[in-house]
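Heads up, the next two complexes both have chain A, just with different partners, chain B and then chain C.
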Partner chain A sequence: MSFSVTEPTKGTKWFAGFLVVAYAIITLVPLLWIVATGFKSPADSIAYPPVVVFEPTLEGYVNLFTDRTRATDDMLAEAGPPETWYDEIARERGTIITGPSRYGERFLNSVIIGFGSTALCMILGTAAAYAFSRFRVPLKDDLLFFILSTRMMPPIAVAIPIFLMFRNLGLNDTHLGMILLYTAVNLSLSVWLLKGFIDEIPMEYEEAALIDGYTRFQAFYKVVLPQAATGIASTAIFCLIFAWNEYAFAVLLTSGTAQTAPPFIPNIIGVNGKDWPAVAAGATIFLVPVMVFTVLLRKHLLRGITFGAVRK
Partner chain B sequence: MTSSPIQSVAKKTPDGFARKIRGLSDRTIAWIFVAPTIFLLLAVNIFPLIWTIRLSFTNFRVNRPNNDVEWVGLRNYERILGDPDIWNTMQATAHFLIWTITLQVLIGFTLAYLINKKFRGNDMWTTIIVFPMMLSPAVVGNFWTFLYQPQIGLFNYVIAFFNGVDPASFSMIGDVNLAPWAIIIADTWMWTPFVMLICLAGLRSIPDSIYEAAECDRASKWRQFWTITIPMALPFLMLAVLFRGIENFKMFDLVVQLTGGGPGNTTTLTSIDLKREAFERWRTGYSSAYAVILFVTVFGLASIYVKALNKVKER
Partner chain C sequence: MAEVSLNALSKSYGEEIALDDVTMTVPDGSFVVLLGPTGAGKTTTLRMVSGLDKPDRGSVMIGGLDVASLTPAQRDVAMVFQQYSLYPHLTVRQNLAFPLKSPILRTPQNVVDQKVGEVAEVLQISHKLDNKATALSGGEMQRVSIGRALVRQPSVYLMDEPLSSLDAKLRSDLRVELKGIQANSGATLLYVTHDQIEAMTMATHVGVLDNGKLVQFGTPREIYENPVSVYAASRLGQPRINVLPADVFGGAPQNAVSIGLRPEHIVQGAGEDSMVKRVERLGDQTRLHLAFKNHDLITVTDAHTALNEGDIVKIRPNNPYYFDAAGARVA
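What follows is the complex of A and B.
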């Protein structure tokens, strides 16, 4: 067994571990509370004292995905027996499902806009990052700083002219408009991150390819791209998370067709006022993918959140 | 290694398409690669910014497009800087910034320091701690209003449990004195992991040999902490403060969902105020001037700070 003076003692490790785990558990409580609330009945969700052990129900999820109306006895009789399990859940509350809610659409919008902007951002970002990494671009440092500085503006500050511009171009409340917007916002992150990843690929590979008769383009997509695949994948996930979570532009520039889920979830209202289990269910469905991504990204997390300023 | 890039490259010779574009110089290729990015950024960032600056000298209102637009010179700027409400907003923002950064740096650094003791499973717990900051701030902010509910909220229940007060007796988001703290707590919960990660990178960048040398010189742990750990981790800490500063100066989504700027104007941060002026009162010219002032402030403060940061790095 090796001995090092800098290695913490066993006691120190235990103590440090204990404190960190305690913090982690405390910090997880609000998240677990969201997930748990999604499976509570409305009565359980607002019970005092807050209930930890409860009978789980899918009512929140049913309410999330459906529009319902309060039904009179006549209406219930007319509608006949419930046909599906979600019908049954709604009937138990004296309501009838009138149709699907808009959550599905909003979620789909989030998916379309998130993946669309990420794809576009990766295409543009990888090309630009490659050029910045390998070629002598005039005013390179200025351009790179310019790209970074676009991130410093408060979204609300540029939202007014973007709103006007989009209105003139007919891009307000469209998927294309939001995709272009999120792409532009994410470009700074992707160019900086990808430049770092490409910088780390040895030039020799490309040089060998060029000597073998490859063109620059071929060397780029047959040698550099496969080598940068991990970097590109993690950058893409960061862009996706941003577009997924974005709220300010979404709430200002979209209202109907292209609205994403973040502006929608807080406004979910049930038949009897605020329906917290439905809100929690919506939040859970929306937050869980990001948590999965976080686990996938854990090695590159730091680099991503600091624009590549800190590499681990 | 049968599939090494060099070998796979060597197998194939270029096809016809390649020969056509072989004539392109590196310079041309570089521009082809960079131009779309620059174009999009100019269109979606710089063009709007210039437009904002132009609008800031007018009395334009988006909801009355048929009104004559007049040039009003610097009047918008004068009105903003002379408005006591704006200064209240700035004060609220400063309060929010100072407290969130202080708390996040203290807790974040402590956590990083503890994690750096490399206990078993520290990687897993680090990932768990990081979850809050990856989530959608608007959704999280909305849910915190639930946790803060006076009677039924979990937060109030826990505070009441430890404090012995009635959980229905106080409302974190309804009380003028508590609301600023409500947003600080939620923001700290969400963003402490960010500071922690950067600090952790800082601590891990310190070579063991320095501590070994200090041990040989019989420096106490306390002294090692203040003369090695802190100075060497300082550039990272400052970087964390920079990122959090810029982000929280722009803070909108979390707070607008949590308190909506209320009660009264106690949690009306600048971005929320700006949104009201621009998209509720529709004073486009006025709010453009407001936006320019905010941007210049962030940019100015950030530049000064970066200079200081570089000085610390050079030491």
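What follows is the complex of A and C.
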């Protein structure tokens, strides 16, 4: 393939700029709508035609983080004046806060399972990719194909065997079970991606380190890992995004202790009627960790996405 | 420093024989250059000594000790790779300190600083010590990579065409520097190249490799003046030795098939006619391309020769080499 090296014309630049802006709008509008809905009152959230300018309220967030009960006038009188700003918001709707909701726990579960499986996936993936890249592994090509083949069907296709297996092993609704499951699903992708990155690191660096007095493991740790950092970071983002957003297995395999946020958020609808602002608030907060993680690693991500496109 | 000896070393990569029964001793304190074209087994020899690869047969002794079971780190060798292979995530200073800080040496920081400073001084890279290794020119990178070997006092230095990627000026400077460093420190050095000038100028001993076989081992002078074969003879000498059928001049020994003539073996002004095809004036010398009985010859003549294309020069051989059908020297 050859690329034009001439400066793009003004028209081309305008067109490219237009495409980028249009794409940004298409992707960002739903996101902005969710963020905005989180600050709407329930009436505004379902108003038709939709309202763009509205009076923001934290009601959605209060509803997300609390359990409430509908109160009679007697109960309200008995409870006395509201003590906090969120009490006040609840009282305005004729409800009394009975305690915190489970969203915090579910969110924490998502963090533990998402980051836990990503970390495990990186450790196993890097080790396997290094071995495939550097050592003479018997049946290497077959093994690599086998690893890739685990992703040739949607993971949910094996939901029932996994459900039965988890039940027998006592892994249902446990953090460990979900971490293992997401790691298993992500591992093939991470082995393949990381092998590509490690293949690009010339062997001579490690050989130099071996001669300079380091063991194989030290050479891996001191020379290969720093150079594979870009690949590890971008692979970690891919793995985290999958584990973080995964819904189907989370619904199937978790209910209490290990339930993650994705199956919890739609549950909000069931409990207190169609509380869209609370759902939107839950989704908004849920977006934050992946966004932060991605922004922190973004300088690596670009090279990760274009990886393979440029040959030296 | 130590003596390195290779005993009947053989190595194949798949079908390809890289080293075939090589026996050689690198004396303590010597500068041994392995000479040969690509694929002759030069780099393989270095990898066997360093321990990066294991021989199929034969053994490597360093300082009288069989190192077969030792890792590269335990062998106490330093190696300069053809492609510098500086650690790209480290600065020049960290690159130079890397071998000193290995778990085997664990050099104290003040000694590391001192040695890195000394080596940087010698290789004239002091002003670049805090640069990233990747922010250097090719010549600087190669000097750092040589420096990374020189910070230690290993039992042997291994160098794999360390000067091949440098420009001519830097190459000749570093040639002198390397030879000086080796001569002053009494280091044992095993050096791989296909550049005969490097071999002639730096080596105390030259090993000529041909398809994995060591065909001749000796001082550069011995190999130049007394080559065992056509192959060894054509490794050294510029312009290259002329090889013609043995009978062109007459007087060849019985079993000789070809005659080898270095420029100094060709006496001009007597003998049989040859025609000047081209005159190459190099400044300090002038090369003559001659046509002699349908054969081409290249020789050297007076720098200020008056000869021109088309002129006739009489030539005769003087103590030439004769080789048999297999290329082995017969006289």
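Keep this in mind: the second predicted complex is superposed on the first by the 270 of 312 C-alpha atoms of A that agree within 3 Å, B and C clash if a C-alpha of one lies under 4 Å from a C-alpha of the other, contacts with A are read in each partner's own complex, and residues count from 1 in each chain.
Heads up, the rule we're going with is that a residue touches a chain if its C-beta (ideal position, glycine included) is under 8 Å from a C-beta of that chain, and two chains touch if they have at least 3 such contacts.
Quick caveat, the model's predicted, so the values are computed rather than measured.
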If touched residues of chain A are counted for chain B and for chain C, the larger one: B
Partner chain(s) touched by A:Tyr205 [first = chain B, second = chain C, both, neither]: both
Chain B versus chain C as contact partner of A:Val53, first or second or both or neither: neither
First, second, both or neither for A:Leu28, with chain B first and chain C second: first
Intersection of the chain A residues that touch chain B with those that touch chain C: 205, 208-209, 212-215, 218, 223, 226-227
Touch list for chain B against partner chain A, complex: 5-6, 8-10, 12-14, 18, 21-22, 24, 26-27, 29-34, 36-38, 40-41, 43-49, 51-52, 55, 62, 107, 111, 114-115, 117-123, 125-139, 141-144, 146-147, 149, 151-154, 157, 167, 189, 192-194, 197-198, 200-201, 204, 208, 211-212, 215, 236, 239, 243, 246, 249-250, 252-253, 257, 270-271, 274-275, 278-279, 284, 287-288, 291-292, 294-295, 298-299, 302
Chain C-touching residues of chain A, taken from the complex the two chains share: 202, 204-205, 207-215, 218, 223, 226-227
Chain B contact footprint on chain A (complex, rising order): 4-6, 8, 12-14, 16-17, 19-21, 23-24, 27-31, 33-34, 37, 45-50, 124-125, 127-128, 130-132, 135-137, 143, 146-147, 149-150, 152-165, 180-181, 183-185, 187-188, 191, 205, 208-209, 212-219, 222-223, 226-227, 241, 244-245, 247-248, 251-252, 261-263, 265-266, 276, 279-280, 283, 286-287, 290-291, 293-295, 298, 301-302, 305-306, 309-310, 312
Of all residues in chain C, those that touch chain A in their complex: 50-52, 71-73, 77-79, 81, 83, 85, 87-89, 98-99, 102-105, 148
